[in-house]
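Attaching a single structure in structure tokens format; questions to follow.
For clarity, chains are labelled A, B, C and D in written order, and residue numbers in each chain start from 1.
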């Protein structure tokens, strides 16, 4: 079941929001406004949006150090997200979590886990809670291909599979884990093939094709809601920039490789699809303008927001 | 009843009271736990709420956390406290920090029950009393009961608490019996129990060392020495007020634990007492503890790693 | 390449040594002479012996909580092994390690790791040291099917595979991890199938057929020595007794299942093979007598040995 | 030269000296480490001895142990000390215990280099100074350098030592420069460095807190107060003799660390001093430390979790 044209325009809007938001954060980072490192998502937008578009508002998401996009795709306020990244009192986590932990339970983004792979068992637990509470929610858990080599991946997916929990495990394979390429971290070609080690389906999709991602996610959601357990979806994609905003990203990647992937821009590509389906240039241009405006507004909000006061230091520990 | 039975009662009562309480861990279901703490729970509450897990400590700890932040109250069993090292990441980097780092959005009501200090020859990696691995981690609660009564009351409090709790059960006391009332009760965190009153020295003993300190009290009384024996019961929060108040009267302090001495619980208690009751101290603080070695299997060596009543008595005599 | 008849008789002797040794330890356990728990290997003898017979004397072994057998199969003194299990000064580890850590570096048994799965990455490291020292040794790492669900399995085998280290990963699938049956711990049927998640060969063998185990190990050793990296060998077998000497082992296993497996005794079965190849009853009877005598001698040695003195308490820490 | 450069020199020199020394960890090869400590090693020593690993802390720590007990001397990098929680099992249950539990058959010459206390807004699970997780673990050596000179000399000693060593590198001091001689040298474990002589108070500062304590010394001198500043340099073994000798002269002790106060390094030092120099103490021992909270990202809050020179000065003034 493909999304409607309206839904597709919404997806386009989300992808663009992510792109512009990350560009703006990169800018703030270089101006020294971001207290932590910022791991940008540019180039991978089709994954977050494809998956989250297949989710309901009351479904859950668990994300990672590279998690701004999943927040945006899930409908979290860009204002409060930007404020969080800047460590402001108006941030999603009052500025205590920052870029790597920015999340909004009210919007279903349970947490961003900056320790690689740790969200995989936690997502199983969210699935367990869904199952025991008897709702028909699902949870999508995002992680990189690098995370697929840590024990949490193995233990967590095995547990979710065994207990047939309603989890989508979404591996964002951007070919690198910091400086280490996939082929220097495992002999396996497709991370999705590891699904067989847990007796669950594994699917490889073009992670730069938002409709392909959407369709894979939609099927996995159907299975999960139907009590048939988790799916491992591997989205082949690429991060255009460095590992984080301060990393040029060329010390360990050939320039040509980066260039080749930039050619495959998921946003441009989807834009062409929309035009071919009859959406007009004008419609898209107005979306684009609205997005720019919304991102500018978010950054202004974040920049103008106050830092938390000292009384916040000792709050929220217990 | 024994501590094992008291713990079992606490679990069963809380599971009856609140359907969001679930139990998970290795061999907790069909077998009822290797120490039988969870025996009968599978039969009463069924396999959805009483879950045998694969050997995947990091995963089921993480799963407990994920379940906790979305509405359940999981009680996890880690078979030996040594295996906390296998899920240290989930405990320290997630359970302890998610509430703070989410700006208060998340609560992590997980209880981690675990067996400490086997006390028989199970060897170095199956005998630790690793409370101090976690004393430097804000966000956790640390509970160390020494009687069936305390075990039951504290476990019920732990399950109802919205913070993650590490609940250390001493193998040496699992089968020791003690009174437990019929009526429902809970014991608040952060309230030490003064086991014996005394005027000459304060002994703060932890976990399985409490009955030994009490026995030391009895022996010392025969010599005309009265030792005040305090069981803090929870190490976080720590009822330092009760300890300080006691030291202000006795002017002497001994701590007793069965972890290696260096970096042990006694260090923190000693440091706090020096901070708050320095002018009242008439003598150095003695820390009775295990020697700084892994626990060996061989019985004569292994025994040397668990402080005895004699060692406590001698420490008191050395102070006076 | 099958073993010679002489070698086969040696294998028979080793299997019998393990059986009688474990029976004697069970006996001592029930008499209160064993300070720790003792995890007996009875029923699984073909695995330890099949694999270790394919190893050279200077090859390495890493074992587990259930490790008496691998010591015996690798040629460790039964006297010193029994003394270790009893916590005596004459034990392999001076009595400090006990049953669960009994090991003898001089005989190539590096260590017994009583934390499930922990030996899997350690074995990778032994393989790395072999590789860098440039010897052509190999290391065999034994573990149960229960261990295949812990992160160490995943991370460790992936690392050994990636670096093409000379390791045999031997999964002793006795169907239970303590009280939890394999099908209650994973959806996967064959643990060996997980090898594909690391890009290495996985082999399933009848773990009660010592010659089949030997042959699988021999091939894996050949690959490992040839620089072709690790193999995951799964040996399907069964432990006749409880998880440890104090566990009757029936609370979680159907009596019929236990009975059926006892019918498939690896020792009786191999005895029939030997007879069919022309070994005489008398030859076997004399082996059997020698084994009984050797085991009795080992137990006597252990029982008569002194405990370590108090000066040992503080030794060997640094 | 900076501490980063000093560490790099130590690694290169030891790798030249002894072909059994290898380096492994995440991003240590092609990238040269995210803090560039291992830069150039891949080029000089090749991919067999300088190994980028997958994101598998438990596995490469275990592999380092396996390599160590069979003849190599691996130096492992754990990118953030917080990730020690991801390989706690291998460190605590194996590296620390294998020598003892094997009755002395095995030696585990592994060095674990790790970055502590990021000190900028990297957040709760990327900022810890987790030394006390390991103080209660016999079998480990714990090293905490505060100058390029010490870092180089101690790392060389660590690599040559037959015991497992956790080597805590303070991010706050990575880029601070200091003198390092041309000639080869090593620094023995268990020798504190008296950074400043003084008569009025002893300040024992750890890791990145050492330069702050030195600065506090300078400020106090203007007020006519002389503080003796001691850097223990290694926490296991701990040179308690030097500290005690100092306290016997100054009669006052302050400890400074940037881990949460409860269960911190200061507790053990305070307890030892009370044990050995009780009669010389004229005042309570003050522990200057981080507050008991996870480290928040927001800059004004984050700054409150790293003790300042002012806090140290105030602590001294409160004592006198």
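We take it that contacts are C-beta pairs under 8 Å (C-beta built on N, C-alpha and C of every residue); 3 or more make two chains touch, one makes a residue touch a chain.
All values derive from a computational prediction rather than experimental measurement.
A.B. asks: Hop distance check: chain B to chain D, minimum number of steps through touching chains?
C.D. replies: 1
A.B. asks: What whole-Å value do you get for the distance between chain B and chain C if each is reduced to the mean of its CA atoms?
C.D. replies: 36
A.B. asks: For chain A versus chain B, what separation do you get between their C-alpha means, in angstrom?
C.D. replies: Going by mean C-alpha positions, chain A sits 40 Å from chain B.
A.B. asks: If a residue has to touch 2 or more other chains to count, which residues of chain C qualify?
C.D. replies: Answer for chain C, listing residues that touch two or more other chains: 91, 94-97, 101, 115, 149-152, 155, 158, 162, 184-186, 317.
A.B. asks: Where in chain B do residues touch two or more of the other chains?
C.D. replies: 53-54, 56, 58-59, 82-83, 86, 89, 93-94, 100-101, 123-125, 138-139, 292-294, 296
A.B. asks: Among line, ring, star, complete and other, which one matches the pattern of chain touches?
C.D. replies: Topology of the interface graph: complete, with all chain pairs in contact.
A.B. asks: In the complex formed with chain D, which residues of chain C make contact?
C.D. replies: Going through chain C, the ones touching chain D are 60, 62, 91-97, 101, 103-106, 110-111, 113, 115, 118, 120-133, 151-152, 155-156, 158-159, 162-163, 315-318.
A.B. asks: Please output the residues of chain B touching chain A within their complex, sorted ascending.
C.D. replies: 20, 22, 48-49, 51, 53-54, 56, 58-72, 74, 89-90, 93-94, 98-106, 138-139, 141, 162-163
A.B. asks: Going by the contact rule at the top, pick out the chain B residues touching chain D in the complex.
C.D. replies: So the residues of chain B touching chain D come out as 82-83, 85-86, 88-89, 91-94, 96-97, 100-101, 123-125, 130, 132-139, 236, 259-260, 262-264, 266-268, 270-271, 274-276, 278, 281, 283-287, 292-294, 296.
A.B. asks: For the complex, give me every residue of chain A touching chain D.
C.D. replies: Residue list for chain A touching chain D: 35-37, 87-89, 91, 94-101, 114-117, 146-147, 149-151, 177-180, 184-186, 251-252, 307-308, 310, 312-314, 317.
A.B. asks: Using the touch definition up top, name the residues of chain A that touch chain C in the complex.
C.D. replies: Residues in contact with chain C: 149-155, 158, 161-162, 184-188, 193-194, 196-200.
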